[in-house]
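Can you keep this structure in mind? I'll have questions shortly.
Note that the chains are named A, B, C and D in the order they appear, and that numbering of residues resets to 1 at the start of each chain.
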Amino acid sequence: MASDPRATRAAAEISRINAFFPIMTILGNRLAASRPFEGKTIALSGHLTTLTGALIRELALGGGDWVVCSANDATTDHGVVQMLRDNNITVYTLGNRNDAYRQALKHKPNLIADVGADIMTTLATEQPELSEHVQGAVEVTRSGISKLRALDTLPFGVVNINDGKLKPAIENRHGVGEGLWHAVQALTGMHLSGRRVGVIGYGPVGTGVAAYARAAGASCEVVEPDAIRRLVAHYDGYPTPSLEECLQRVGVAVTSTGVTGAISVDQLSKARNGLVLVNAGHGNNEIDVKAIRAAATAVDQVSDHVVRYTLESGPTVVVMAAGNPLNIVTNSGSPEPVLLHFALLGLTLEWLASRTLSPGEIAAPHELEDMAAELALTALGMAHG
Amino acid sequence: MASDPRATRAAAEISRINAFFPIMTILGNRLAASRPFEGKTIALSGHLTTLTGALIRELALGGGDWVVCSANDATTDHGVVQMLRDNNITVYTLGNRNDAYRQALKHKPNLIADVGADIMTTLATEQPELSEHVQGAVEVTRSGISKLRALDTLPFGVVNINDGKLKPAIENRHGVGEGLWHAVQALTGMHLSGRRVGVIGYGPVGTGVAAYARAAGASCEVVEPDAIRRLVAHYDGYPTPSLEECLQRVGVAVTSTGVTGAISVDQLSKARNGLVLVNAGHGNNEIDVKAIRAAATAVDQVSDHVVRYTLESGPTVVVMAAGNPLNIVTNSGSPEPVLLHFALLGLTLEWLASRTLSPGEIAAPHELEDMAAELALTALGMAHG
Amino acid sequence: MASDPRATRAAAEISRINAFFPIMTILGNRLAASRPFEGKTIALSGHLTTLTGALIRELALGGGDWVVCSANDATTDHGVVQMLRDNNITVYTLGNRNDAYRQALKHKPNLIADVGADIMTTLATEQPELSEHVQGAVEVTRSGISKLRALDTLPFGVVNINDGKLKPAIENRHGVGEGLWHAVQALTGMHLSGRRVGVIGYGPVGTGVAAYARAAGASCEVVEPDAIRRLVAHYDGYPTPSLEECLQRVGVAVTSTGVTGAISVDQLSKARNGLVLVNAGHGNNEIDVKAIRAAATAVDQVSDHVVRYTLESGPTVVVMAAGNPLNIVTNSGSPEPVLLHFALLGLTLEWLASRTLSPGEIAAPHELEDMAAELALTALGMAHG
Amino acid sequence: MASDPRATRAAAEISRINAFFPIMTILGNRLAASRPFEGKTIALSGHLTTLTGALIRELALGGGDWVVCSANDATTDHGVVQMLRDNNITVYTLGNRNDAYRQALKHKPNLIADVGADIMTTLATEQPELSEHVQGAVEVTRSGISKLRALDTLPFGVVNINDGKLKPAIENRHGVGEGLWHAVQALTGMHLSGRRVGVIGYGPVGTGVAAYARAAGASCEVVEPDAIRRLVAHYDGYPTPSLEECLQRVGVAVTSTGVTGAISVDQLSKARNGLVLVNAGHGNNEIDVKAIRAAATAVDQVSDHVVRYTLESGPTVVVMAAGNPLNIVTNSGSPEPVLLHFALLGLTLEWLASRTLSPGEIAAPHELEDMAAELALTALGMAHG
């Protein structure tokens, strides 16, 4: 059977990704040897990008019946879908998303891997009786963990791999930091050297955004209300002015606060003219884009993801990606940090396959983070480490 | 007349470039006010990219008859061509390149701007009698200057803007350094942090390539036979091993030597397996790709611009962009350094319009470099500086 | 009464320290206003350096009877002792140290501040009945906390200020990192740029030692057996070879492992000739200096703190400060991180003065770390922040 | 004869300096083998520090009669003087300096090495007839070269080793940059991380001062009136405000302009309170300390080299080292850059010994800079490179 050319293209992209950081290949070889999923049914929800495609293709080498749901139509690469189907994996993408999760549950999964807890909450709220089949589940994201904690009861065991050692130190810091500034450079054409930038919020993400700004040659300031974090930012090398002073001075401001309305339209009235606003945090409401739009006397779509607003209070400001996390929207930067997290996901599923968890949330066992780190070091060493 | 959609797209891209670094707009406003080219005919050869389009559109605001030749079919953006024609500028792209230059000369230009000295050498060798019309010319590139110096006689005056203060300190160092590593990251997916890289040749380009590698988190070594440059590299922060030792250790090696055969296939026999070879220098022969190809027992086209060779002597090596300068081939990095150089080109033409040079080559007058720097500072300040 | 000139000199040094980072002055003003220690007796053991003198002089402005013991004859500055006595503070320095602690206990302290838990363990083991007077105590160091945890019973409450957020992020990382390399430069005359250095152990101290090495221009590698820390070191920008490979290549190796025998004499047999060995960790046994001495065929005291050994196995190695923590031995680097920790100590005593803790160890309350950070930010802002 | 203990101490310090960067030892071995100075008389003026002592002791291994003058009483180390005399070298230090130069000339030198051109100008203006004995001379400093150029006639040949490739790239950039900030840290106790600093003047010295400030964690701005240098500073990573704006914001300002009155007392009226003023340039008049003193309503000697002035216009400012170049006054930082320059001096004398120059100034031959760089690389490699 001649394959769909989109599937061929997706497979080629995955080959390219594996060429320089073959962590997925190493994971696949391991699973192919031990076949941990033999006889199991696994339901997985994810953004069906090439990276996720690379993961699932290797996971399936470990045996078992794989049932995949697209977590978001907007992020679904149909070449990946076709490639997975060519590998005899069931993929649900049509219809509304809840239908997809319900379809997946009809397979009575023994293991669940979720990005946003969609399969899990559907199971827990609509068909809790299916829990008897579930040995354990794994959740990848902060928002998924929040949804699970908001449930009345969690009738099966879930491993939280969002809150370990690896994610803040590598994905949050190095993944976001690198990708975000590459995206700003590519979309605006700005060379960052010598430009003043402000980072609003100095948690694990802000730490990386500031470090990569400085590395790119920018003069970086940090706004942080918490005294301890602010003092750490100071000793890490950043002046720590108030938000108001910062916005008067900088050319680019990046939010990484986890807080709604970190930058309000009122605070922009004295901002430096031409200020570029970027969100690197969670969700799309750290910058109050809705209020900016309402207060604008003129709007200019400079290019994709780049809109300039003339505020009635004076300055023009540029909003990138409508306030959504820019590095995610543009998928910029190295895939290595994401693939590392995917390796942890795969190892967690392998670990779950040989046990049954008690109901409730548990942290990722240290041994799994340790093993994911080992796989990454091997992948780096095989190629170029 | 409805415009060609390709011309509309080119104009939109130019708007985007001007949005964050409006040096071309500032130049155009200046020329529109003084109209220095009124009554003159100007012949210009260039790579007809959006950046060059942005330049010519603004130059034409200074009056005069503009005749433009495409310097290379492969780099010609036909949207830019159409946009220029919509602005009543004569553009020659068809036929072989020599025909285009001869066509341009039929207009008896008073001023010439060349990238590679093609119009100038055609004039000097085929129609030297046209020199009486030429007040002066400007050449932008090292290779153009070399061709002019190889002529028996240069029958008109030429301003060399390749060898001033601005180009080594900004375009060579910051332009190439930034663009090169963005391209490596984008094409291979590698995160550069913690990887060992080697820079072969520590002139103005190598200095920037090494500095941006280090800034990106790489562990950088420099190979440089000249003792003075080698000691400077040491104090700039880089171990300075021999080429052989370096290639055994690093994951990526970048040439910036200006020398043919800086890396031979013999020197690769003990290289680290998987070594990625990139050229950031001049021409496409710093890495001996021809010999690598001949010595390969297997060839794998990993993706566009990325080819892996298995050498009979042992290691695999990856050659990027077939040994051509990677940042140019992929057009990566900020356009600011190029636009700065284009502003210097425009100011030089303006300066030439009010005088007639004696035959021979002269350096760019300090006042023109100074003025170009002022325009750039204004452009940075207007937007975000 | 004419003051002792040594006391005058100590007071002058303290003035100089306060001139550019007046956190002690701010603390003193606060305590002078509220007089929290009125009616209390406070016993404090410390290294009686000028920094400690600066602390105690300000603490005494808060009222109370202060009884001070010298924690170590070798670190006692007798100008500081005299200055404290001029301020009506009781200071015990003579005799063996245990006598000093016993003398202090005769004052029946209500509050205890200890560096190394000496007063506390003397009380707990020799005179536990005095615990009824003790509202609470504060311990500053890792070794003190370890001693307290080894006691059978801890008959009063102790605040552990060694294990909070501030110490790893500021003192461990920025204090040690800066001071250590300043000391290496000063004692050896080496410019660090371009030299290869190795950091053994990538915890909070090693993280800082590596970051400051890189900032000083060195080419830094990290040796770390733990896979997670090793991967973090990689993404933080360091190659991560084995100890053996590292020692063959680097010119300086720094231990920060917390482990005895991190570098053994056997591992040095293939080391690079002239390798300089420095300890930045805890205690004086991370480098096995005793075995190095035993294996040496020649010993050369290059200068204070710098001894070169010719090993019978081949290379010469240089041991700094006999394997003791170099930054502490030479007291190099900015006093700011230490003063920040002292401010936390002072605020903890103030907090203890108004309550009585239950027996046992507690972590430093977040509000106290937060307040110490606020004082530091004020101190930085008043002067130069 | 029992040696003077001061001479023993000087010899020990020189041993320590040679232990980690033995460039002087390598030079001495070379000269001891070839004896280029046999039968020659060499007059040398210098600051008789341990570094200069290390140089002269090795030079004398090349044979010849050496006559040494102290260039400055304030910088003369009498242990070095005694050590040189113990090595049968004539040293003039007593009386006024002109006498010393005249004494040296009585020896009818064949070769002259000068720091500040004192021997040379004494010869040229008072005893030009001695020129017939002079094969050639070498001058080390900018001020010496300026004095020589101001002479009516220069009756012998002089090699200018101040204006080559090595000095701006290594001593000016890396030597001053490192030493200056170490001195600021040591004298003020300030940790530089996160503090705003300004660098006034972006030549080779300013470039290094800014780079080392940034490396130390400071947030650095550059003030530079020249547009080309200002744009280079921008792309090198520094905001480039006006002097007035800069002084309002920064905590430390460093001059490196080569211009008298780069910071006037009027420009300080709106300065940030507590601003620390440091000179890294030439002479002691870049900061107008005289006017600051005159305008001060209060003066506070904080410590050696640190004086705080309360200006009648408002702010307090701190002047370091009375406006003299701080790194020189405190002799801070690595001696390597100075020793490299001394090696070039020695190689130039060796080169001069086998020829007679025509009268006039010549640049240092490339081969000598190349050889000095080779010696430095060997010195780095022998020990730790």
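Convention: contacts are C-beta pairs under 8 Å (C-beta built on N, C-alpha and C of every residue); 3 or more make two chains touch, one makes a residue touch a chain.
Fair warning: this is a prediction, and the values are worked out from it, not measured in the lab.
Taking the definition of touch as given, a chain qualifies here only if it contacts chain B and chain D alike; those chains are A, C. The most distant chain from chain B, with centres taken as the mean of CA atoms, is C. Chain copies chain A and chain D are related through a rotation whose angle, from the C-alpha fit, is 180° to the nearest 5.
Inter-chain spacing, taken between the CA centroids of chain B and chain C, is 54 Å. Chain C and chain D have CA centres that are 37 Å apart. Among all residues of chain A, those that touch two or more other chains are 174, 191, 193-196, 217, 234-236, 239-240, 337, 380, 385.
On the side of chain A, the complex with chain B involves touching residues 12-13, 15-17, 19-21, 174, 178, 182, 185-186, 188-191, 193-196, 215-217, 251-252, 272, 274-276, 302-303, 306, 308, 333-337, 380, 382-385. Against chain A, in their complex, chain D makes its touches with residues 191, 193-196, 217-221, 233-240. The touching residues of chain B, counted against chain D in their complex, run 165-166, 169-170, 173-174, 226-228, 230-232, 234-236, 239-240, 337, 340, 369-371, 373-374, 376-377, 380, 385.
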